[in-house]
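In the two complexes that follow, chain A is the common piece, with chain B as its partner first and chain C second.
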Partner chain A sequence: MTTHGYRLPSGGRIDRTRTIAFEFNGRRLSGHPGDTLASALMANGVDIIGRSFKYRRPRGLYGAGVEDPNSMVAVRDAYGYEPALRAGQVRLGDGMQAWSVRGWPSAVFDVGGGVQLVSGLLNAGFYYKTFKWPSWSWFEPWIRRATGFGCPQAVDENRKVHHRHATYDVLIVGGGPAGLATARSLIGSGLRVFLAEDQPQLGGSLNWEAALIDGQSGSAWAASMARTLAEDSHTTILTSTTVTGAYENDHFVLVQSFWDDRGVHTECLWKLRAHHVVLATGMIERPLLFPDNDRPGIMLSGTVRRMINEFGVAPARRMAIYTNNDSGYLTALAAYRAGMAIAAVVDTRSAEAAMHATLSKEMGIPCLFDAQIQATAGYRRLATITVRQVSAVTKIACDGLAVSGGFSPCVHLAGHRGSKPVYDPTCGAFVPGDVPERWHVVGGVKATLDLSATFADAGAVAHTIRAGRGGLGSAHSPRVDVLSLGTGAIPTQPSVGSSSRMWVDFQNDVKASDIELAAREGYVAIEHLKRYTTLGMGTDQGRTSNVVGLSLLAALTNRTLSEVGTTTFRPPYTAIRLGTIANARRGDLFKPRRLFPTHGVHENRSAVFEDFGWERPDWYRSNANEREAAVALEMAAVRNHVGVFDASSLGKIEVTGPDAAKFLSRFYVSNLMTLKPERVRYSVMLKEDGVIFDDGVVSCLSDNHFLASPTSGNAEAVAAWFERWRQTEWPTMQVAISPVTANWTSIALAGPLARALLARLQPDFDISNDAFPHMQIREGTVGGVSARVARISFTGELQFEVSVQARYASSLLSTVLTAEGDLEPRPVGLEAWLRLRLEKGYLHVGSDTNGRTTPLDIGMGGIVAKRQDDFIGKRSLKLAFATSSEREQLVGLRALDGSLEVGGRILSRGHTQVPCPTEGYVTSACFSPSVGESIGLALIQRGHTRDGEVVKVFCGGTPISCRISNPIFYDPTNQRLQA
Partner chain B sequence: MILIRCPYCGELRTEDELTYGGEANIARPAETVSDEAWTDYLFMRTNPKGIHQEQWCCSAGCGQWFKVVRDTVSHRILDVWKFEEVSQAAEEVA
Partner chain C sequence: MKLQLQSSLGVDLDAAPNEAGGLPNGMALRERADVGCVFLNAAVNAAEVIEGGNEALGVQLPARPGSISRGPRCSAIWLTPRAWLVQCPVDDELELASRVNAAFADKRLHAALFTDYLYWLELCGEGAEAILQQGGFVSLERDGLAVGHAKRTLVGNIPAVIIHERKFEWLVGIERSRTKYFVGWLNSVRDAPAG
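Presenting the complex of A and B:
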């Protein structure tokens, strides 16, 4: 019968002229292009592909595709590695390596198989009850080691990934007869149609079922349909493409695989929208329950037909068929035509109910009616089945058993949209219930088993869709001559055999007895049953097991299947690789790097960059090789001569118009109506709940022209905040908001020699202390280009912030840094800058404030009290929470012993040891070279009333003593910045 | 994913091109109101299961804020209109 292993001498859609070499568990094997890993393993006579999850029972191929609960493999092809695939999902590739994911030392000989001897300890919910004594933790490590499917591997991924977005008029899910006929009938309608098929070729079941359509074989008809559709400019066909999820507003996620002879080299994730959706996803066969129904050699009946007709493989040498519906006879016929020996057809029904029984008799196939399998035997592969009829028990030798318990429609995608499947008792299947608007259900997915009915249905659906388009195009009605699959099958319960030997969910080793136990213990809601027994929770998502389990529960609890219902369907339909979702967003491409226009100048000074949204110099190696030394030199430069700091990321928002001052005043705690041209004012901005959102200076350039400078981190958020209020609350205000942060570069010159350095740039305006005092701004020409110069200070020293158009940034910075003579300007990084401001007690929003801090807590109560008019958040400052005497208020801290640390908790009064209650924490801290002490800022309860008090602060693992002080540690009288 | 056609630029935008702005028509009270009225304004929202009037911004598009009537159960958008306009659908719901 077979020439080599189980490969049939002819037939199938494989390319027998070429051979592909692959490895399975280290064995060198071969197959043909067109094979899946499943069919190739079967052709090579590999019976055991893996071991089961709990009991380590040997398992072979059960289904031909994603529905297979058994054939879990790890696969490495030329382009990457995947730890847990079903063998039927994998197209065979040259040089491919595959491994069983379970079984040690091997899947065929697994020492873990001994666990079957203690299987009584491992029933449903066992981890709640069996391993309680002396402690679950004694057993947990062993049990955890024994579980899981496959291991991830850190391998170089050569697989390419890309994403596409698309919108179509019609999405057809499934390229079987229903999908193809619908697509064909939409040709000429003018609608853009997208057809997705998860298999590499169109046709679905036509590729393995014996059917005559318009006088051609099913697969030939499918091929001609594929050609016709490919020629239509309005139709897009994607094969090897799985629709993994349906989301609201008919947004779909699809994964398209591109593969060659060596594996899957590219995956494309589609995000697709469709106006009409045609669900033509077909159905999946379900098994029958009988004792030891999981032995290698036992598989779904349709899988046998598919193996024979699509892949040219005989699943067994001597086949028996066990069925409760007419499709089992089609399997017998297919096996007979392939020249296989047929042991028997075992039919649970009576002879009268079986419509194809005479056909089997004509072929000489023995048929046993009113029969059930009461036992099977054979450890590594099925050897015999024992069949019980009313008057006889028959033992039948066979090495393969095809099982059919009816069909389960693939209703998943409708379920993703919240459509509850409903049980149709006439065909024994859950079919889509109320589907979303403009969804159409065709063919097997609504349990239509008859091909001509499917085609009629497809024509009607296409007509409905076309009707919205003036009815263009015409229906296509193929003539069909095919053996009927019959009328479906009601799930049947076994009446012989022990339920503790009947497997419902093969992947998770859930037995009929587990479901009985769960029902006895009251887990009768289907979602409870699922979680208690793990039924349907494996990677196969219970595609074969769910309805079997449901019907068993229904029988046990005397309910109908409608009453029991199904569990919830959630995306994805099949697993998606995280790398495919991530696309190129990893490594350097994870997020765009934002570089200053001056980045090159900083690099030349060996800046050490940190990512603060922008890449900013933290410190400069050109100043010293070690960070602390460099930071000290940078701070000293600012205090003693002059430092240069790139403040380009500082937010810049131009606010213009007659109402600009009034508009800005509504955001800031300070009144900006009184801000005169060339003047600058510092203030904070609140959200409506009174909590500080941002701070910064506002400059008045002219009566109708202001420049707000929010913090770097909030530059975009503040601009959006302004815009939102302008549009939604104050639309009549005459004001325009222009975020210009990236248009300008700001270089701060800070230190006693800052004015001398600025003078080198030859500004065309007077920069003397009298003509240009602190907190003012000038527009003019600096270094030959137009500039804005603000005399403001974040360091406590004399400071000028020079802003020029970004294109002049590098030349300005280079010019400043290379100033000749005795000025010796030094570049200053962010760390030194922040320590300098800490010495001066200047606030850093986000560090020194938190999600509760109000302006009252940072000493701005006086400014708030002076405001007559309203501003955002003002009213909240009168609420009890803001005026409470227990508020955490911002104060300075000086360490009396030890060093302050950010995050150090302030111990409550009277406590010297931890653990104890605390009353605040350190928000900023550093050693101050100017003061010669470890200093910090802290939010402390009632802090403003506690000046001079010594508190204990938990720092470095021990409480240290600190004195509460004025937060301005350096130059408290502001002599230096006025100089 | 929610789909809304921006009434300003006319484009059909997806949720990730938009910014949600919470419930619409929350009037900002004067600062003279009671603590209760002010905290109601700050925190209390109708949060219905069903028809909801809300604010959205075409943030990745034209940057304009507008109003929407959305069914929070089905995400069906019943109406979209500009701030200065009046919505027929919103009035019928109210």
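Presenting the complex of A and C:
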């Protein structure tokens, strides 16, 4: 690394009264407030910022902002760490540390640079062709280690994040001259205007270009516009804000950075919707192709002007300019006025075409016309260029080269909305094609290089917007005095030098020869070319390289640029930190957790919670300190006296209306048309393919009033499923769907003493077995409050499910758990509850069913056969798929030796060892205290015809013997639940 | 025997605990456990039931999206072309629902008890809207959600009913099981820059 001291004695918009200390690759350097990391590095004479992606060539600064393909750095400021930023994006902060993201042991001396010796072998697609044998996995770890754009670090993040949502009448993207003029012309219109600018100050190129507007400098005019807009209550201005994506219905995502002297302390992610959109995103300068065009010291021409005029930095001691348009001369003049030596302006055009040539010559600047650079020299920094003209070859000493190959409008946001850019041959640029309705394109983004035309255009756009929204206001037409940028430039193809030494895409190390190879091999579609060569990939997305590459492909395939087209633009325009997107969605707030109204009571009982969509007690430490012991006690409580289970998460959907019964019957396999008031029926519902979607009970509370109870996990999905069919397929049915799950808490009392425990709550209705039999429901008061009590069972025991409004939930649960006397109620967690139902052979949807299981597979064929009328999925049950004799069917399993485990595979007949074919798997399993055996449910091929058969099940690493049985292991005659 | 009441965040309705305290200056956050609700859902086109519904409730059921009708004892919020949320004192909930259900025995219009489904939070202060806008578009309308209007939308990644009561006063109803999450989310965004 060499230090030259490139800071100019005056000029720029930096605060020279203060100094900021920072480090780059461990070296202490200094800059000023107002500097970017790029300008500070340049001022300190840092030539090499990093190494290139593939060939490890030394690379320096190429652009001044996000367009720079080279200057990828990792940065740590006082608030956090970023692994991959461009130096021009980073505002210099006190104490900031930055590192090159590539190069070992350093970016200046990189051992990996040796790969340049074999660069001839590493052409496009080399790894597709080369690393197929013997296995890609041999090479992948090495390639991954050698590539990438920086590594994240697990560090504490002090950076704050906010999210904002807003709606505006007009969004103006870009605070340069076009955006400012449009915003100014909308003042007084009554429209709410939002202006977003990615730089810290408004003005865009006016902050560094030599222009006079209304008699003042461009930057002064921009500042006065900023003040005027800030005073307008209808205008919101956000600087340091990048619009990263445009989405349907004109929704936009923006990232706003707040920074101080120590770095970026806050980021705000905006989601913004606008009725009108003004695209004033300007353009990016294009490079030119010539041999070894990637050497440190070579950079975009506009970057040189910006470095001089905005940051007070001379990019070189002796500067040459290589151009195919008039903007290169503006750079020469700016550098000359800053006191830099100008080696030459090398123009690919003839003298007649160069409008500022005379002025340049008057300043003593040598101009070479009809000229091309045929070679450059200098490894760590440019030393010479060799220029070929028709009759001469000239070697010129210079340590900097400003390059201008024309301009590429920033059409990305329009592209996000599907607008395909169209090539305008008059200005040599892709401009937005058919933009969405109420989008307006102004200034550089439509390849307008003339500032007066831009201002006129901005006034016209503002007029259109005002007229469309009935607003007032007047156009603002400032007077302009500026050196013209010319009329743009057609992409130029080099006629000298080797294409294997010309870099098209600096970030991905794609050379002109790679594109030639791709064209030879038939990758002539632009999307294919991109993927084969990596042109325009990575974080750069081809900002500087795309049009150069496209024009080369067009020339190679004898097509026009219009015929070649562009690749697809997708959000985001620049990278967004995942932490900024996540914001509060981390830790406890990662996803909206759902808690029971009784959560505190469970906590007091030392419940161990599991996230099943809801936070549900899995087991209780108050029962035992160890899970299996606690579960055994909880199961014993239900079998021997009474257990208390919180079933509040079970879905509750009220279905009402004259057609409610008919409506529900179309969803469930069982006929609900015959369900009488106060009766409850269990059934399953299917999707159109006949596969089980959900199960649960449906209660008839009164005529035309039903309560469906889907599973906890499907409660919201079932309500949406009902609503979808009501609205789209059966809109004439008189039915209403009211999801009320969270309104009610449901506490299940299960066990021989359940009735006695319910009696303690003093229900105002008869709960005797005769008056309130199994599968019925009552409405009344319990514990002095309105309640619904269903006598249903998931455990095989006498069971009452008491539902009260959630405000009484804790009181209800506490009351039943502290019931005195000989009841000994015990809280029961979900694990014990599921094992109890397994003993009874009850289905648990999701565990005992999969994406293929139909009601025929679980023994509900008889119910299906009885249904005369239609229900969703019925037709599918008649298809060969559903009636095949080879289907997996749900059966019980009893282990004859060993223990069953969920997921255990049933070995095919005749096989006793693995590997072998299998014919099903264990869906639920446990050791049953009631049966005294290891039991399970399993989906087994032809299971319903194999009762009593002994099969081998691969469990715990070994095959065990099991007997296929009826799935009901406990109380098969239902005496206990009907007691 | 009478079971005891408990609000979403505390055990005593009257104390109105303020777990989400520590808001920026001038802001106030209050649990509104006094707000009762009935969910009205029509099985037929609204026009067929609206007159009977008005009579049973004593308030005009609104027909325009986002609008609220206020009556002496309750107010009705438009949710969908066939559904309304009726706010009332908690103690009136049962009686109100019974009146509607008695008037529509065939269930062409159904009133479901809904007080405990929603947790209501009152957010007051100049920065209240900015806090809500951290969690979503409160409104996509040009001038935002007008005072006296309501909306069902997403806030902080969960569905919510938002009522713009007065210029700097908002009432937010969220599903009860997500109360703790929502309060946690509010705490995480409370220092958002206003404006």
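Here is the rule we use: the second predicted complex is superposed on the first by the 796 of 979 C-alpha atoms of A that agree within 3 Å, B and C clash if a C-alpha of one lies under 4 Å from a C-alpha of the other, contacts with A are read in each partner's own complex, and residues count from 1 in each chain.
Here, contacts are C-beta pairs under 8 Å (C-beta built on N, C-alpha and C of every residue); 3 or more make two chains touch, one makes a residue touch a chain.
Worth saying up front: this structure is predicted, and the values here are computed from it rather than measured.
Trainee: So, A:275: does it touch chain B (first), chain C (second), both, or neither?
Mentor: second
Trainee: Can A:958 be said to touch chain B (first), chain C (second), both, or neither?
Mentor: Once the two structures are laid over each other on A, A:958 reaches no partner at all.
Trainee: Once the shared chain is lined up, is A:811 touching chain B (first), chain C (second), both, or neither of them?
Mentor: A:811 sits against chain C, while chain B stays out of touch.
Trainee: For A:147 in the superposed arrangement: first (chain B), second (chain C), both or neither?
Mentor: Neither chain B nor chain C is touched by A:147.
Trainee: Hey, is it chain B or chain C that touches more of chain A?
Mentor: Touching more of chain A: C.
Trainee: Is A:247 touching the first partner chain B, the second partner chain C, both, or neither of them?
Mentor: Once the two structures are laid over each other on A, A:247 reaches chain B alone.
Trainee: Between chain B (first) and chain C (second), which, if any, makes contact with A:727: first, second, both or neither?
Mentor: So A:727 only meets chain B here.
Trainee: Pick one for A:464: touches chain B only (first), chain C only (second), both, or neither.
Mentor: So A:464 meets neither chain B nor chain C here.
Trainee: After lining up the shared chain so the two structures overlap, which partner does A:879 touch, if you call chain B first and chain C second: first, second, both or neither?
Mentor: First partner only.
Trainee: So which bits of chain A does chain B touch that chain C touches too?
Mentor: 273
Trainee: If you look only at chain C, which of its residues touch chain A in the complex?
Mentor: Chain C residues touching chain A: 1-8, 11, 39, 41-44, 82-83, 94, 105-108, 110, 112-117, 130, 133-142, 144, 156-158, 175-182, 184-185, 188-189, 191-193.
Trainee: Okay, in this complex, where on chain A does chain B touch?
Mentor: By the definition above, chain A touches chain B via 247-249, 251, 273, 688-689, 720, 723-724, 727-729, 731, 870, 874-876, 878-880.
Trainee: Which stretch or stretches of chain A touch chain C in the complex?
Mentor: So the residues of chain A in touch with chain C come to 160, 162-167, 169, 192, 266, 268, 271, 273, 275, 583-585, 588-589, 591-597, 599, 614, 654, 656-660, 703-705, 734-738, 740-744, 761-762, 783-786, 804-812, 815.
Trainee: Going by the contact rule set out above, which residues of chain B touch chain A in the complex?
Mentor: 1-3, 14, 19, 21, 28-31, 33, 35, 38-39, 41-42, 55, 57, 59, 63-65, 74-75, 83-84
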